[in-house]
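Here the structure comes first, spelled out in structure tokens, and everything after it is commentary.
Order as written gives the chain letters A, B, C and D; numbering starts at 1 within each chain.
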Amino acid sequence: MTTTSPQILLSMEHITKSFAGTPALRDSSLVVREGEVHALIGQNGAGKSTLLKILTGAYRKDTGSIAFAGREVNFKTPLESQQGGIATIYQEVNLVLKRSVSENILLGREPKKFGMIDWKEMHRQASQILQDMGIALDVTRPLQDYSIATQQMVSIARAISMKARLVVMDEPTSSLDEQEVETLFAVIRKLKQENVGVIFVSHYLDELYAISDHITVMRDGKTVHSGPIRSISKFELVAKMLGREIGEVERQGRTGFHKKNTTGQEELLTVKDLKRGNKLKGVNLTVKKGEILGVAGLLGSGRTETARALFGADPTDAGALSWKRQPIRLRSPREAIRLGMGFCSEDRKEEGIIPHLSVRENLTLALLPRISRLGVIDPQAQQKIIDKFIQRLGIKCSSPEQPIRELSGGNQQKVLLARWLCMNPDLLILDEPTRGIDVGAKAEIQNLISELAEDGLTVLMISSELEELTEGCQRVMVLRDGETVGELSGKNLSEKRIMHAMAGTEGAAHAGQ
Amino acid sequence: ADTGLPKLAKKATYKVGFAQTESNNPWRIAQTQSMQDEAKKLGWQLVYTDAQGSAAKQVADVRSMIAQKVDAIFLSPREEKPLAPVILEAKKAGIPVFLIDRNVDQSLAKAGNDYVTFIGSNFIQEGQRVGQWIAKKTNGKANIIELEGTTGSSPANDRKKGFDDVIAKNPGMKILASQTGDFSRDKGRQVMETLLQAHPEVDVVYAHNDEMAIGAIAALEAAGRKPGKDVLVLSIDGGREAVQLVVDGKIAYVVECNPKFGPKAYSTLKDYAAGKKINAKIINPDREFHSANAAKLLPSAY
Amino acid sequence: MTTMPSKTTDPGRIWKQLSQQGVLIALVLLMVFGGLRYEGFITEYNLESFLRYNAMFGLIALGMTFVIITGGIDLSVGSVVALASVVAAKVSGQGALLGFLIPVLVGAGVGAINAGLITRGRIAPFIVTLATLLGARGLALLVSGNQSVSAEYTGNFIQIGQGDFLGFPIPAWMMVVAFLIGIFVLSSTQFGRYTLSIGDNEDAARLMGLPVDRTKFWVYVLSGALSGMAGVVLASQFGAGQPTEGVGWELTAIAAVVVGGTLLTGGVGTVWGTFFGVLLLGMIFNVLNFENGKGVISLSVYWQSVIRGMFLLLVVILQSRLTRKSSTS
Amino acid sequence: MLDSKTMKPKNTPPKPKMDWKLFLQQYGGLLALLVLFVFNAIFTPNFLSMQTLNINLTQVATIVIVGVGMTLVIATGGIDLSVGSLMAIAGALAPMIFMSDGLKDNPLGILLAFVLPVLAAAALGLFNGLLVSKFELQPIIATLVLFIAGRGIAQVLTNGNLQTFSNPSFQYIGLGKVLGLPFQVILMVLIVALAAWVMRRTVLGRSILSVGGNEKAARLSGIPAQRVKYAVYAISGLLAGIAGLITIAINSASDANQVGQNMELDAIAAVAVGGTLLEGGKATIVGTLIGALIIQLIRFTLLAKGVPDSVALIVKAGIIVGAVALQRSRRA
């Protein structure tokens, strides 16, 4: 280190932590300076979230020491760390959804008048905080009325408005689109100016390079590298993360997709003029057999709503669906599954995992009717599937009997993907399939999706990562305000074009960033 | 002498209230039935409420009768003290009250002064009678299991108290165990089964009501004991089924506690309306059943 | 699903208001029905004695509302009422003040035990309070020696339950004041916000740095203290501490809370909804008593149970329909 | 990297303690049962006898049978308060059938007396399921309806009167013995074994757990969540019906006021003491059996030792909390 480096703000040394005898952190250290944006990276399950939760008092460490702002600390609850000057955005959006946006931002710091909560002032302050970030919301509405991305922004607003000395962000961008990521970065830069330290976890290398000064790499519960981000290349970084040779990493492409040139011709699923409340105002799309159809759109454009409607998860007001050229009406996911569809939700925690059940039970949940006779599950058939998919997707778990809630976020996602892949469906609807997945696993999953598509699987993929869409898909549908506004394919399929279509600025294509 | 009791006009038919405490055992059901049947026979209107085992609700029930301006109230008070204030309220509203089968605390409301009279049995005496019979039959030497009524209820407390009075005078009579059987057959049986394991030397079972006694007999028989021979079973109430068991020799002795209050209650009301003098306490002439008289009295058991 | 929430009129608000009046509408209809049908129904005497009796349910249901909003439950309330009434009777000779305070503290103590086992012991509220339901009952019987305990009649203690203030029964005053404070606390204090937030998502509340355990502690203590207060009313109104009273009251309280529009899953609820819920459920008993007095159909107590069950079902279904409509728009 | 600074020693939990906790969590119930058993064997006279074993098993049978249904309901995140009332209804119906004029002393009457009441209880369970899934009422309130009205129905059916009878073929369910073992005990074991198997090996079992664990996710995975709920409440009702028949059979009498009184509390306590999470998503049938046995042994011990009712209640409270605390899931 150079001698002029600013004051050390946080120093975590030799932290260890086991869950029920299974080590999650073996020896992790993390040093953050004032005014520094410190990136923390590592594969799924490397222990990033665990380390941060220990810092904020959500978990207790087994051994090791933590010093913050020059004092030895040992926060026992998130409240203590918050009072100590650390604001945190946790990995899973963790807010109280039934309460209003302003309460979510200001809970615990409500403005008061005569001992009573001053609601007017509270809404004003909340609006102000959001406005400073460039967001306009009706702050009096319950948070559950807003999309997961908005919820994430609210959670960010809450954290940065705490005037903390250290802001911890565990994968804050996983559900944000590019514009919002820009907003967030602007906020982070402002924090930096105010000499606040920021810990930033993300699986997007580009983001890390764009915003951070310093980087710490974790692998298997250990800190394996720490240094200025400028002095390490992406390949080196990935190599360190995965514990592989650099040459091996360099051989891989940008994403794990390998695009095939032939697109499907036969129509598999067609939707005409799909309507639902004020969310969907006319969605039209056709999925062809064997293709990977991308769906792009800004936050709240209706992508998730479309996917849910196609899968029979929500009732619709209008719209004609046909499956293999036969008109259909879907009243429940069960019917969609029978037809041969699968749907992997974007909200892993709320709509994906069954926390207490094991990896095995989670993985085979949708498959049950097929591996059972007269309602009795065939254990051998089940075991075969389990072994195959745990291996194929490289799911990291102590055994198939481990409860899924104990897996890292990325590994949970892999189990959920496996839940549908093992069904061998005709059409798989993936809503943000690689959200929160580390680069290694992401490439694997993308690779897998490509392979399956080559074997005849049809995929409808919603993604906020434009790179993923352009690299992986033959065609991309663009939604805006609940309507199909365009279809891009072949030469027209570029990130820029998607972006303009999403934002409704096709005409000004050249003016883009 | 003027007692300050509300007057009752002489009428052909009355609208009377009956505030029952609960309806979860055969005895209470028989009592309600008797009150209803007799009212029907007389052509009176009966306002019937059920407190479902809650003294507080019973007070509310009586108050709703006062609000409905019934001519008179028959009350079977769940508790001695809690029901006293509402008796005074009825008096203030000019409604005469007749207590049946249980009394209230005399320091709070006086019979013949605040309410007309108490018609019923003496629970303490019932316990004493059972105790005395045992003392006589066993020459004061007995190993006893007592099955108590619902914990905290006044018949359970009084039937225990009366029994204990006798025990205190007979050092040879030993209570091996005394546990609640909740006045119910099922619970009585279960408790008896268990106690029988812990105290096989038992030779007398005293149950606070018929139901528990019948349960205890089932338990004894299942354990290969002969009720009536190696173990004497005694109970209180004297329902038809229990008296039949006396005839069969399985129950040794039953003190009657007859729930058929209807005729007595209404005739007392008529006497009162007619201006006759009513005693402050009318104790039912309760019989007893044993091997010598059971067969003869069986048809008259309730 | 309605089509769109327009910004200007905010139909969500209006629906919400309407829905919570579901219970109020039912209450008013029932009272109008009673008033038209029965002589002596709408009289000062009947209404006052109705309030005097139902004040006890009001107090425990108020505490239950807070507990349920945090996503918990308190099954011990009925037993705590019994225990507190026994204690109240025992100390009633010391006058109204101590006769009031000591039982309330005893109730709060049981609440604190509940809270400790729930927050520190991390045992589900249902189990903890199921255990204290048994334990407090046992204690009540033990302290009272299985019998009702006479309260002191000469002092001012019994005035608490039997007296009037400004021509209105004191227990009813206690209930009304407690509810006004409850409404204020839930809607306008930080404690109220914490209560709602914890019920919505406890993990999130913890991670947001809210004092989850402390809030839950006070909520259960509050429920215990209010049950203790109900015990004081019981002992003073009926002149005796009753160890066997209060059986099943927890279910009545829970029903009143739910009828009032509070969700058992936590995070959503109003205090005034509970208030009308208590009155509505109490009014059913009152109406049934009067109906029996009509002599048209003399309902056995058994039929009364059936009718009460069905009425509860009706109101709850109505209520849930209305709340659902309001929350989806 | 290893062995660096000295750390605060109190931050270093001794390894074996962790394992000990895990052990308690898994086998705490069994351990508690064992302790109770050994205690009784030493201090309660005549405890180690076939008779005592039989008594305890027959007394616990109904709680276990109802508890199994309750476990399934709780596993879906619900609760069933109506079980006691459903027992009373089944118990009220059976004698009305086999003592009715047409069917007296008729094998068909006995058959119907078994089948119809149990079906009626199952149908009412289905009604609970309807309220919970279709009407989306909270389980406590939904089942509170039948808790109140159900007993009323049973009482209306019998007009509150006791129905006494003596009918050996019907009463076989409560009094019969197979190879010296009470029939109801065998029934209990069969039901426990069947339910445990269902939970482990069948689609229904898996569906129950997934609906309790995360209903949204289960629905999206094609699990028919509504049907699963219908099923568990119907099963709970059905088992309550069977328990009702056993109860009246032993007593040679059906008392609509008493049959199944407080059964919901006993069953829920057994489920909780057995280690099933009340919030759903997890279930152990064998745990419920152990839980019920623990509660039964406590009751037996307290009775045999002559502990007064009031003290017994307090002890029971302590043991419920203690047993659950022993097995509660850890937190990081």
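Quick note on the criterion: a residue touches a chain if its C-beta (ideal position, glycine included) is under 8 Å from a C-beta of that chain, and two chains touch if they have at least 3 such contacts.
The structure presented is a predicted model; accordingly, all values stated were derived computationally and were not measured.
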A-C compared against A-D, more contacting pairs: A-D
From subunit C, the most remote chain by mean C-alpha position: A
Averaged-CA centre spacing for the pair subunit D and subunit A, given as whole angstrom: 43
Distance between the centres, which are taken as Cα means, of subunit D and subunit B, whole angstrom: 35
Subunit D residues counted as touching two or more neighbouring chains: 155, 160, 277, 309-310
Per-residue overlap in subunit C, given as positions that touch at least 2 other chains: 141, 146, 300-302, 304
In subunit A, residues with contacts to at least two other chains: 58
List of subunit C residues in touch with subunit B within their complex: 38-41, 43, 45-46, 49-50, 53, 56, 141, 144, 146-148, 150-151, 153, 162, 234, 237-240, 242-247, 285-286, 289-290, 292-293, 295, 298, 300-302, 304
Touching residues on subunit A, where the partner in the complex is subunit C: 56, 58, 77-79, 81-83, 88, 90, 94-99, 103, 107-108, 110, 112, 115-117, 138, 158, 277-278
Subunit D - residues contacting subunit B, complex: 44-47, 49, 51-52, 55, 59, 155, 160-162, 164, 247, 250-253, 255, 257-259, 261, 299-300, 303-306, 309-310
Interface residues, subunit C side, partner subunit D - complex: 73, 117, 121-124, 126-128, 130-135, 137-142, 146, 251, 254-255, 258, 263-265, 300-310, 312-313, 316-317, 320, 324
Residue ranges of subunit B touching subunit C (in the complex, touch as defined): 15, 17, 20, 23, 36, 45-50, 52-57, 59-61, 63-70, 79-85, 105, 108, 150-154, 156-157
